[in-house]
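Take a look at the structure set out below.
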């Protein structure tokens, strides 16, 4: 393992991110990495039959980062992976822009896919982040898990 | 769908690729895309207990591209996805470099993951590409599927 | 007095305040806090009873019997919608 | 005469030639080609019999009875190892 600032591996930030740069960050963690599975969430122009103009994400600063760190640590413990990176954006996001990035690096691809899919599912379940959709009819706080 | 050169979505090439650029290519195909699953294969420094210095990939030009196009078309038909991009490199690749990229874009993440995982499994099964590992003890043609 | 952070729809239901300050006279458990909210912010209280809004204490999800001490960080969390 | 493309270990077993040219006198099916290879390149022939090396005709995997015509593109494919 090369030295790296671990805080860079779990972030909640306003600015966009480069997937190439984040992949390099994960790759630099181990030369054993042979398969990297990535999930990228994008702002869509439709949601449950409604047109969407843009989205604003709000997060509970401190707790959101804490929950993402927990996901990374559990992922590294429970799956045969070498690194797990999680970035979520907040603030206003226009259609087609990046929202969330998960990168799981492993020796073999099956575990990279499993960990990546688990991490985004878990993020949606336990991370205090909220989504306000701006539509032609007004603003709606989205309830993904009623 | 915006106009795009479809031949760019399935490639066998010597040069490296930028994942950001390829993601933009996929995203430009539809504003309905909300989830993108990506697989990136990397040259590892170990293989079946052997040290590996570098890898050379050889492909059957023409047939390799044809099989990758078949995978893209079957993926678009059999999964609820909006785009599927496949790039494989050939020639000499040093440790840590990119080998293969699969990008599956869908409205929802579950299908993106399913299609992406299927595509890389299928690529390994049916695409005429061969791998020569350069090790301290000599060169070995790898038999992934004995 | 305890200060309660609000987010998303709970912020909206409290007149777009980012936090509430409430006097918690006795008991000092989450259920006592919820009783206070039932009085002052019945829509929020109802969402808590329906488990649509969760209460966190010091950045962990709390339950009815969780104790609240001076200086604890309390928040009302509407349904998460990240990702 | 047919020309047969070689890759990976089959190229190596044929002395690092990228292709073979063989006279296919009669029959003109994949099994006739394999019989010729058994004579000239027994190691390659054995790998085909073990199904470790596949024969393709016009970029599709062929079987023993697949016909070979003038101008067809034939190749011997060792186990794939892409990805």
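Order as written gives the chain letters A, B, C and D; numbering starts at 1 within each chain.
Assume a residue touches a chain if its C-beta (ideal position, glycine included) is under 8 Å from a C-beta of that chain, and two chains touch if they have at least 3 such contacts.
Note that the structure is a prediction, hence the values are computed from the model and not measured.
Chains making contact with subunit B as well as with subunit C: A. Of all the chains, the one whose CA centre sits at the greatest distance from that of subunit A is D. Averaging C-alpha coordinates per chain places the centre of subunit B 27 Å away from that of subunit D.
Between the CA-based centres of subunit C and subunit D the separation comes to 74 Å, rounded to the whole angstrom. For this pair, subunit A with subunit B, the centres built from the Cα atoms lie 23 Å apart. Under the contact definition stated at the top, the residues of subunit A that touch 2 or more other chains are 41, 120.
Multi-chain contact residues, meaning those touching two or more other chains, do not occur anywhere in subunit D.
The set of touching chain pairs reads A-B, A-C, B-D, using the touch definition from the header. Across the interface of their complex, subunit D is touched by residues 41, 57-60, 62-64, 66, 88, 99-100, 120, 123-132, 141-146 of subunit B. Contact residues on subunit B toward subunit A in their complex (touch as defined above): 18-20, 23, 27, 31-46, 95-96, 107, 109, 112-113, 116-117, 120. By the touch rule above, subunit C contacts subunit A in their complex via residues 5, 7-9, 12, 52, 56, 59, 73, 75, 77-83.
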